[in-house]
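Next up, some structures in structure tokens.
Two complexes, one shared chain (chain A), two partners (chain B, chain C).
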Partner chain A sequence: MKRKYSVMAVATAAVVGGAMVAPMAAQAAIPSITIWVDAPRLPGAKLYAQIMKGKVNVKVELHGQADLLAKVQLFNRVKKGWPDVVFGPPNDVAVLKNPLINNALNLDKLLTPAEVKNFGNGNSWCKSSTGTYCVKNDLAQTVLWYDTKLFKEFGYTVPKTMEEFAAIGADIAKNRPGYSLGAVGDQGFYASFLWPSQCPLNQEKSATRVVINTASPKCTRVAKLLQPLVNSGVLDKRSYFDAGYIKDVGQAGKIVANIGPSWWGEFVLRPAGTFAIPAGRIATAPMPIWAGEKVNYSGEWGGGIYTVSPHSKYPRQALDFAIFMVSDKRNLVTVKNPDGSFGAPTFPAYTPGNALWKAKVSKDTYYASNPFPAMLAQSTKIFPGEKPVRYDSNGAWGAAFAPEILKNGDIQKAVDAYGAYVSNLAQQLGYEVTKS
Partner chain B sequence: MTIDMKEVRRVFKRSTNGKMRHQHPLSNVLVTSWLVLFAVVSLIPMIWLVLAPSKTDGELTYRSPFAFGSLKGYLNAWKHLQFFDDGVIAKWLINSLWYTATIVIIATITASLAGFVISASDIRFKKTFLISTLIMMLVPPVALVIPLFVEMDKVNLVDNPWSVILISSLYPFGAFLAYIYYTTSIPPELYESARLDGCNDFKLYTKIALPLSTPLISLLAFFAFIGNWANYFMPYVMLPSSENYTLPLGLGFLFMSTPAINPGVGATSVPIYKPEIALAGALIAVPIMIMFLISQKRLIRGMLAGSIKE
Partner chain C sequence: MAKTKHYRHRNGAMYLMLAPYLLLLFFFGLLPAIMGVLEVPKPSMTNANGGWDAFAIVVQDFRFMPAFKHVLGFMAIFVPLMIIFVIGMALMLDIKPSPWKKWLRMAYIVPASISGAVAVLVWYVILQPTLSPIKPILRFFGITEASQIWQTENLVYILVGMAFFAIAGNWILIQYGSLQSISSEILEAARVDGCSVFQLAIRIKLPLISKYIIYMSVLVFAGGLQIFVEPQLLNSGVYQGIANSWSFDQLSYNLAFTSGDFGGASALSILLLIPSLLGALLVIYRTDMFEGAQGHIKKKEIEVQAI
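Now for the complex of A and B:
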């Protein structure tokens, strides 16, 4: 009898123990990843964590875009704490892939052929001679934004070349004083004119060589064509975000057209705090082409990226999160944002994703016509020569270009000042600066 | 800022043996104008900060800087701030309160004790301790970031509020201030007679020094509060998770996360604009102003303590 009880006790213990061990083992097998995103990506990331419950333990943390590099260097010191996947500004990848920092995994082996195809040309920013170190979240390709009401009133047609764009500017200067084709005192000038013109400013050729050549004809033609417009005030010397420009030009409804990124309509032209242009007036068109070129290239102003940490134990799961953010309808269209809007705020960098996003933006009655076709057309035409660099190429627009253009109003001098500034930064970081 | 003129007059009268010096009327006008100018320069940003959240983002651009929008503006700005990461700003506010309160308590007690020990006790190496305190005051916190981060990592306190609390509770300036106070304001004879009556160092501190150091304690607590309520750097380094942020860190984070102040951010679906940023700024600045107004009387006493011999 005693033996019988002993056997029963052992059997019971085995069953109970087994039942306890089994879920623990299953739990231990669940991958865990930490995601760092900025505020606009937070609703999507939280949704992803919810969807993956039971399959992947996802910890979502909010971070400021400017923090990442400082934090990664601290984590490198203590050899732990790195997030598995991070959303960040586009230039970060150059620093993160630097062997000294080593926090961007080469994704060549991780990305499937279908994923590579779906990212397409838009992901060329993330590629270097040694591999693919990030995937793009969204594209910020420039297009022509124009006010259909003013175009009709003034009898203008949509410019297809930069010369036609300049001709509209000349007419505004002569016959419509006070009206504007935009502002040049910030990074927008680079994205709208210099980058599409293929002016070599931040063309990283290798980890140790960058081409910066403001004397290139691709740069000087920009200054030559647009200088009269700056002189006449049709292109304002201030920044788009200068309070005076917003009040005197933007909110006064005097912007006839301007070249801006794909997020421009939703986040600059429309909001009450910026230009507050009423509904039914704004439309988009493809980029005007520079003389002698075959492709009407775009530049980019923004366009975030995801990098996966080489320290991640679960790089595929980390990458899956990025793919979810750029392809899943629940994030791109239906997730509710803090401002009451739905879905991803910007043009997804993934082909199936931008097809989903199209449905959302196409039926937006704010626009005079569907803005999507022009955005789509330009999404594959971002000039691929400009590359992420290890120095702060974006901050240099505020530090070197803007003060010069504001002071003297001379485009070429301001571009030269930018070139000299970034050449200095590049050399400090060990780049060899060449002219070609 | 208002000054307790009675107190100033009392001290001034004592220091001049009751004889007021005759001043030229022009110099009075100049001094008053100078003070008014400084008061205006100090007040303008504060008034703007308090009024800004009452307006909408658009109104902030085209209306007068000192125009009042509406009370609803404050409510809207607060509502929008709460949209940010499901109301994380309330958590930041609570974090700021409890981190700062804990630091103020620990730092005030330890600084007062340290100052007392250096000035009044018989321990050895008093001079060395005093010089170490002065050296610690001279070392900028930035220089210690990496060693402190590594140290906190070794004791598993990174991303734990206690990393900030423990580090920030080190208060060499407070210890030095306490040393000055105990050296100049309490006659050494008092300690000696207390010792003759059988007081040990601890009793000497609790029964003699502490009851006589109310102005010092106020001053220590005030400076600890100011330094830590608005401290950005240490929480920034030690606390990577946003739920552990303090208000100043959160405000910096809001700056970076929205195009309201930083147009480079570009597109966002978070309704944080200039009024929301101004309201968050006011949440940080107003407690300091209130604290100063409440404690000014004690502060002036504390600052003047030990300055005269009777």
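Now for the complex of A and C:
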């Protein structure tokens, strides 16, 4: 008891003394930041907290990707509680920078010229006419993933055009029943086919106008080319993450090829918990090109972002965390993940970090050939028309597209259902929806 | 003088005993409702100028009618199924004393312990044709692929299943309890008069516990109307988005937390309060649920007068 009082007395004296001897107090003020990350980013974030001990007090919290949007509205009400820096899904930036929500700091003044240069075009998703409101953790550009063993066995060559891709599908349906070119019952269909085909779905033109037009030829050609593949089951109606698809197709080694994001290999094909494809089989190729196009565009599935809160007292320290995640070898290559793998599974959006990741993936004997060159080639070809929007454009794939495709297996109908759903959402949130 | 003091004393004790309830009612019932009403006219992303038309906006929301249909369909199956099944089971449980009964009662409780997130997982596995322990049954119905199960229109049945097994057991025991409150003299008299077991159940027991049945109906109705956890969890599982804004509560949640429209969310919540409130008023004024003790006293007084 006595001791407690004496401690309190000393503390009181220190506070009073500190107030009188102001310069002394400065050394006591270690910046503290709170960061929110999802599970794949947690090992890196924890490591960062350890590294920064004594310099910055870092509090790491594990949150689902959707948590910030749900909670920020409550923080805004009580005017406290905002985390300093948050990893989130890419579309969030449009909501967070909305003045009504106001939880994405304009980073233009904070980013050094070197950092801006290192992000390069990889960060164009985060930029708008008024500033840069996030930094990208990774690029999730789609590439063609294929199984070299099956390709050899079946005598296929890597498709360069979408027609060739569909031809392989037709051959599988006829001669190799049970084999697959992927699944279509989730957001992957958007990233793999609609977005690369430039189908206008979430093309924000200004803060008050968005183009959604599922009747555009750029959309209808997708349905036309791929409908036979869905009918024959070569493109599965289920989600990639459906337990049945994982077991019957993925783990059975029956995926001949599929168009998937750059994290597909490290996060889905390889881990024992998902498709568990054995080593030495998987390779990547650039995206097949749509007929009549000059560029073989990619779409993006994911490609998370870091946003810094304008309420943060230490915005630079908060941004430093994001830079660490995309540039430091300790996160990108060496940190140990709970599943036993090492480093980040995703393609860093930051040039120096990307070089480290390249070195790691390129020498990885898991792949039949170096998967990096195709990813690099596609990283600058993400079709820039699709934009972050204030409504939940990703959630709508599950809400409108997937139920329709599961039910009738009709691609165009499902795309139309998505278009109608997001048009409604967009209008509700103050957008004018136009066809072009 | 002494009499009023006595009464005042008695009232004081009454209010003291009521105080915890009143506090909870105020902080978790009235205060949120008042805050909700005050929230409605505030400007939001969907109601830029603010005002009471938040009610009109939310009713015209493109997700409102689907949610209405879903919840209506759900209630149309769930509420009658609950009532008939629960009462039936409780009556059967009440037929004869047997040493099995306590095990039976426990068996009813077991499914009820699997609720919320766990129930969603359990049902996902049961209905997933590749993992299911009831594969032959699924196959018998021609279900070999998950895509046949996880469709928005099937959710009504799946959610009825989840909700039913999660709460039916508890209600069976509660209604069994209410059957225990029937005086054995009445039952004895009925038996002496030649009542069969079936007649005893339908003619004697049912009318005597009718107020508990109405009470249960109202609670089941209100609970069903506010279904949230199960569809919300399904919606964030493998088939992400399958139950997006499926129920009213989910729509309200989405309005508040994905569209930042607290006004619309409040408006919808207030609309939801109305049927539940009507149900509660029905129980209070149209049944003798809450006048048990007084009722008895009155009857006794009458009997005494008659003598």
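As a convention for this text, the second predicted complex is superposed on the first by the 406 of 436 C-alpha atoms of A that agree within 3 Å, B and C clash if a C-alpha of one lies under 4 Å from a C-alpha of the other, contacts with A are read in each partner's own complex, and residues count from 1 in each chain.
We take it that contacts are C-beta pairs under 8 Å (C-beta built on N, C-alpha and C of every residue); 3 or more make two chains touch, one makes a residue touch a chain.
Computed from a predicted structure; not experimentally measured.
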Item to complete: State whether chain B and chain C clash or fit side by side on chain A once the two structures are superposed.
Response: clash
Discussion item. Just checking: does A:Ser232 make contact with chain B only, chain C only, both, or neither of them? Give me first, second, both or neither.
Written reply: neither
Worksheet item: Looking at the overlay, what does A:Phe241 touch: chain B (first), chain C (second), both, or neither?
Response: both
Item to complete: With the two complexes superposed on chain A, say which partner A:Gly430 touches: chain B (first), chain C (second), both, or neither.
Response: second
Practice prompt. Go through the superposed model and pick first if A:Ser124 touches only chain B, second if only chain C, both, or neither.
Written response: neither
Worksheet item: When the two structures are overlaid on chain A, which partner does A:Lys407 contact: first (chain B), second (chain C), both, or neither?
Response: second
Fill in: Partner chain(s) touched by A:Ala140 [first = chain B, second = chain C, both, neither]
first
Practice prompt. Determine, under the contact definition given at the top, whether A:Asp339 touches first (chain B), second (chain C), both, or neither.
Written response: first
Discussion item. If we overlay the two complexes on their shared chain A, which of chain B and chain C does A:Ala396 touch? Say first, second, both or neither.
Written reply: second
Discussion item. Looking at A:Thr148, would you say it contacts chain B, chain C, both, or neither? Reply first, second, both or neither.
Written reply: neither
Discussion item. Can you check which stretch of chain C gets into chain B in the overlay, out of 45-53, 99-107 or 207-215?
Written reply: 99-107
Discussion item. Show me the chain A residues, by the header's touch rule, that chain B contacts in one structure and chain C contacts in the other.
Written reply: 64, 66, 71, 186-187, 239, 241, 243, 247
Worksheet item: Considering the complex alone, what residue numbers of chain C touch chain A?
Response: 44-46, 48, 61-63, 124, 128-131, 145-147, 150-153, 235-236, 238-242, 244-245, 256-260, 262
Worksheet, complete the sentence: Counting only contacts in the complex, chain A reaches chain C at residues 64, 66, 69-71, 73, 95, 98, 100-101, 185-187, 237-239, 241-245, 247-248, 390-392, 395-400, 402-403, 406-407, 421, 424, 428-430
Worksheet entry | Touching residues on chain B, where the partner in the complex is chain A | 56-58, 60-62, 80, 83-85, 88, 146, 149-150, 153, 158, 236-237, 240-242, 252-253, 256-260, 263-274
Item to complete: Would you mind writing out the residues of chain A in touch with chain B in their complex?
Response: 38-40, 42, 61-67, 71, 74, 77-78, 80-81, 89, 138, 140, 186-187, 239-241, 243, 246-247, 251, 261, 263, 266-267, 271-273, 276, 301-302, 337-341, 345-346, 394
